[in-house]
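Next come two complexes, and both contain chain A; in the first it sits with chain B, in the second with chain C.
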Partner chain A sequence: MSLQVTDLMVYYRTLAGDVKALDGATFSIADKEIMGLAGESGCGKSTLGNSLIRLDGRMKYIGGKVNLDGAELPIWDNAGMNEFRFREVSVIPQYAMSAMNPTRKIGKMIAELVESRGTQFSEIKDELEKRIDHVGLTQDVVNRYPIELSGGMKQRMVMVISTLFDPSLLIADEITSALDVSTQRAVAETLVSFRDHGYVKSMMVITHDVSILYQIADSILIMYAGKLAEKASTKTIIDQPRHPYTQMLVSSLPEVGVRYADKKLTGIPGSPPSLLVPPTGCRFRARCPLAFAKCVEEPPFVEIEKDHSVACWKVTGPNA
Partner chain B sequence: MLSLNRISKTYKTGTFGGKDLVAVRDVSFDINPGEVISLIGESGSGKTTVGKMVLKLIDITKGSITLDGVDVAHKQGAELKTYYRHVQGVFQDPFSSYNPIFKADRVFSLIRSEFFADMPRAEWDAKVDGVLRSVTLEPNQVLNKYPHQLSGGQLQRLLVARALLLDLKILIADEIISMLDASTRIDVLNLLADLKSRGLGILFITHDLSLGNYISEKTVILRRGSVVEMGATDKVFGNPTHPYTRMLISSVPQLHKKWAQIEQELPAPIAGRGGCLFHEAYPLAGRTPDRPIDEPTLARVEDDHYVGCFELDSEKASQVA
Partner chain C sequence: MRRYFGRKLLTYLMTFFVAATIDWLIPRFMPGDPVAQLVSRSNGISPEQAKALVDYYTRLFGLDKPLPVQYLNFWNSLIHGDLGLSVYGHGTPVTDMIMAAVPYTLALLIPAILLSWWAGNTFGAMAARRKWLDNTALPVGYVLTATPYMWLALVLSFVLAFSFRLFPLSGGYGFNLEPTFTWLFFTDLVAHWVLPFLSLFLVQFGGWAIGMRNMIIYELESDYSRYLEALGAPQGLIRKYAFRNAMLPQITGLALQLGVVVSGSLVTEIVFSYPGVGHLVFAAIQSNDYFLLQGIFMFIIIGVLLANFIVDIVYVVVDPRTRVAMRGGTA
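So, the complex of A and B:
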């Protein structure tokens, strides 16, 4: 068991009160697993990803445990996390295009970065060269400034830098959404090859684009309004989703080959609830066509069959 | 009918405008009433520039745009206003399309003061009510609200409603749903399809092939300002011929097919063996293409299916002027 998150709660402090962006998340990621995390904007997916590496000033840790390879991550303790950041948990940020220091040549920046973690540049130089080759860049990138690289090249360079210390968990936050389709595919496939080469042990890929996850993820976790809705293998989420939200979400996605004239897709009526004062019970209740009396109580996130968990009163399985 | 006739756009860049940047090169297509054309391209392909030229937000360097046979290039004053009665645009970011200080329905009152100044209040209110319902918005939910009180989907639909208040013939929809969430974007897309069946011509500018494929009759694929392939959507997607189109289609993430499988299932190209003049890996680099560069670069490969590729088999490709 690589990553084990138990009942994690992280709120945002605002003048109007606490925004309950992540309200109790319990899940795990196995070794060698690429888990996709999907949901609409404001569902808490980036909050979950960020909370595993760094809580910024507005984020408030409320409760819950995070366990990585048997050690507990002190995510509430900014200084205590330093020991784990980059070496154990690493991140490819959402705006990787602008993640590099524009005033340093890339090689110099990497040297400064690894030295700040107590490692000599010479120790990782061979590995760096190998990985620059691996992502299809030329060795001279280390002598260039970030502005000299294209968006896709910068993205790949950031991927190499983030994984230099072979982290146990890599968090990739919306890394493909700003890219063109052709670059998107290359970046997504590079992520998979990093896992296959053992550069990272397990990965959490955060995106709003479920079809990218279908291509690369082993399992998918769907979030809705700060809560987990469903987690299962990629195939199950796409082909046999059980949570009504997942079902409606997946069926609303247009694909190449689906034409309006042949098959009219429908969206989900309504909009997600405010997380300032979230509704009690199931948070999808107001938009759910199956909602019934019991939905005023909060549905537990239970495993209905092996590796398939759902939070919905309408869904029952052998274990529920 | 709106016709684009070999339009080009060159931007001046560099110090003192010393360099030319060709953003759009020799693009021609028509938008008929009741037709959605999807203009697909990656970033920097010039797709937004084409939209801006049609909306007369920027000048055309070469070529012409005609609406129902009348050239629109030199329209000014009252004539330009009439043009805007027929041609309107909606853009990508719904949140920056509105002034956050004013209520969102101010976009309607601006239209009223500009175009319908002498319409009685009651008649105007009924008209607004009608268009809101036609974009599936509930008037009392959206009127009298500030932009931040409405969702992205509602804001985009308000902008479409604003355009519909006019005597609209052509709508330029530039990436209008790329900032919306998956569960609401399909509703805005269906709205466009609905407007099309009521006789509106729509230029749907997008980078997302699956959206273009879902809604449009005709597809135009742009690369670095040039059309590489265009024609009926089912032909372009069913039988992609240009190497660039094939690469795009095999890179789109799909929901029920893995990338490797998509690549295998792509039909063999009708003809052609290499890239075009603008292809990065032009296989015959150094060799002059058979035709001079300033001639039309599109070749017909079948009915309603044109490809811009110099290496097409000349027997199958009869050049169109």
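So, the complex of A and C:
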């Protein structure tokens, strides 16, 4: 068991009150697993990803535990987390295109970064060169400034930097969002190859694009309005989703061979609830076609079969 | 690289041409007749004598020729380093008068500009990371930078020179001294220098400190800082990067500020009767002295353009993005 998250709660402090962006998440990621984390905007998926590596100023840790390879991550303690960051947990940020210091040559920036973490640059130099080849960049990239690279090149460079210390968990946050479809595929394949080469042990790929996850993820976790909705293997999520939200999300994806001029692609009617004052019970019930009396109570996130968990009264039965 | 500097140089030459032309125009469109003013200083002369004097001075200053010829003559003598004769100085060459005043102005300006820039940036960077310093320094900085140079100069001279008598009130050195290479003269020079320097330094210091503080905070919120934090880099490294990048706009700011500072030094010198270029401008205006005014403006134009050109070069050295832009980029 690589990562074990138990009842993690992280809120945003705002003037209007706490926004309950992540309200009790319990799941695990196995060694070598690439877990996709999907959901619509504002469902708390990025909050979950960020909270595992760095809480920014507005985020407030409320409760829960995070255990990585048997050690508890002190995610509430910004200074205490430093020792785990980069070496154990690392991130490819959403803003990979602008993640490198514009006024430093890339090689010098990497050297200063690893040396600030107590490792001599010479120790990782060979590995760095190997990985630059691996992602298809030329070795002279270390003598260039970030502005001299294209967006895709910068992204690949950041992927190399983030995984230099072979972290146990890599969080990839919306990294394909700003790319065109062919580049998306290349980046997705690079992520898988990083796992296969052992550059990272397990991975959490955050995206709103379920089709990307279909290509690379071993399992998918679906979130809705700050809560976990369903987690199962990719095949199960795509072919036999149980949670009504997952079902509607998956059915709203376009299919190969269907002409959408004839059959209109459907979405999910309605919009997610405010997380400032979330509704009691199941948060999806206002938009759920299957909602019934029991849904005013909060459904537990339970395992209905091996490696398949769902939070829905219709699936688990009212007596669960 | 050569094309970049070639283009820059051309821009500066064109700016110089336009500025010099305007410089030539301004005094000629000013109301008042400088020759008549000069003649009126000679008391007790008959109208005939006065007429002869007017003729003499008009020819001496080349004012009898038509304007286009005067303009060409202006460029011709400018190229030969001749800025004409001063009416105020009773025929002393303008170049000599400016050269006598320049050391005072430079001794005032260069330390004031560079020290305030250095101190303001350092202080601003410190304020960005300490809450209590930020809370006290920021309002003071805003007040300082909003203060007009000459008002601060008046306050300083009133409080420190007039009330407490810590420093001399005006002049470049004591009236009882002759410029010599002695310790006594030197200390007296420094004592006269302190107040004009302070009034220039303080105003600029406030501006730099606020600018730096805001830039640092902006840089610390930027993506590359967040990425370094996510990778557990120590605050020292992140701040070092933020400071370096925040310096870039400050260097541009220095170039823009130069012109403002020069005019600031003019009024400061007038307040303290400091024998620099600013004081000379004042005198030139009061006595309708075309040539002197024109010469001083020319000197300021050259100074500001030169300083900007130096900043351009410095920028190429410190910001890799300028170098990329020069090559046309490879991205």
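We adopt the following convention: the second predicted complex is superposed on the first by the 312 of 320 C-alpha atoms of A that agree within 3 Å, B and C clash if a C-alpha of one lies under 4 Å from a C-alpha of the other, contacts with A are read in each partner's own complex, and residues count from 1 in each chain.
Simple rule for what comes next: contacts are C-beta pairs under 8 Å (C-beta built on N, C-alpha and C of every residue); 3 or more make two chains touch, one makes a residue touch a chain.
Not measured: the values here are computed from a predicted model.
Aligning the shared chain A places chain B and chain C next to each other free of steric conflict.
Here the vertex is the CA centre of chain A, and the angle it makes with the centres of chain B and chain C is 70 degrees, a multiple of 10. In the superposed pair of complexes, A:Ser41 makes contact with chain B only, with no contact to chain C. Once the two complexes are overlaid on the shared chain, A:Ser150 sits against chain C while remaining clear of chain B.
Of the two partner chains placed around the shared chain by superposition, chain C is the only one that A:Val91 touches, whereas chain B remains out of contact. When the shared chain is aligned, no partner comes close enough to touch A:Val277: not chain B, not chain C. Contact with chain B, but none with chain C, is seen for A:Gln184 once the two complexes are overlaid on the shared chain. Of the two partner chains, chain B is the only one touched by A:Pro254; chain C is not.
In the superposition on chain A, A:Ser162 contacts chain C only, with no contact to chain B.
Distance between chain B and chain C in the overlay is 8 Å (nearest C-alpha pair, rounded to whole angstrom). On the side of chain C, the complex with chain A involves touching residues 222-224, 226-234, 236-237, 241, 244-245, 248, 318-321, 324, 329-331. Residue ranges on chain A touching chain C, taken from their complex, read 53-54, 56, 81-87, 90-91, 93, 95, 98-105, 112-113, 116-117, 145, 147-150, 158, 161-162. The touching residues of chain B, counted against chain A in their complex, run 42-43, 151, 153, 181-187, 189-190, 193, 207, 209-211, 213-215, 233-234, 237, 247-249, 251-256, 258-259.
Within the complex formed with chain B, the residues of chain A that make contact are 40-41, 180-182, 184-185, 188-189, 208-212, 214-215, 238-239, 248-250, 252-260, 264-268, 271.
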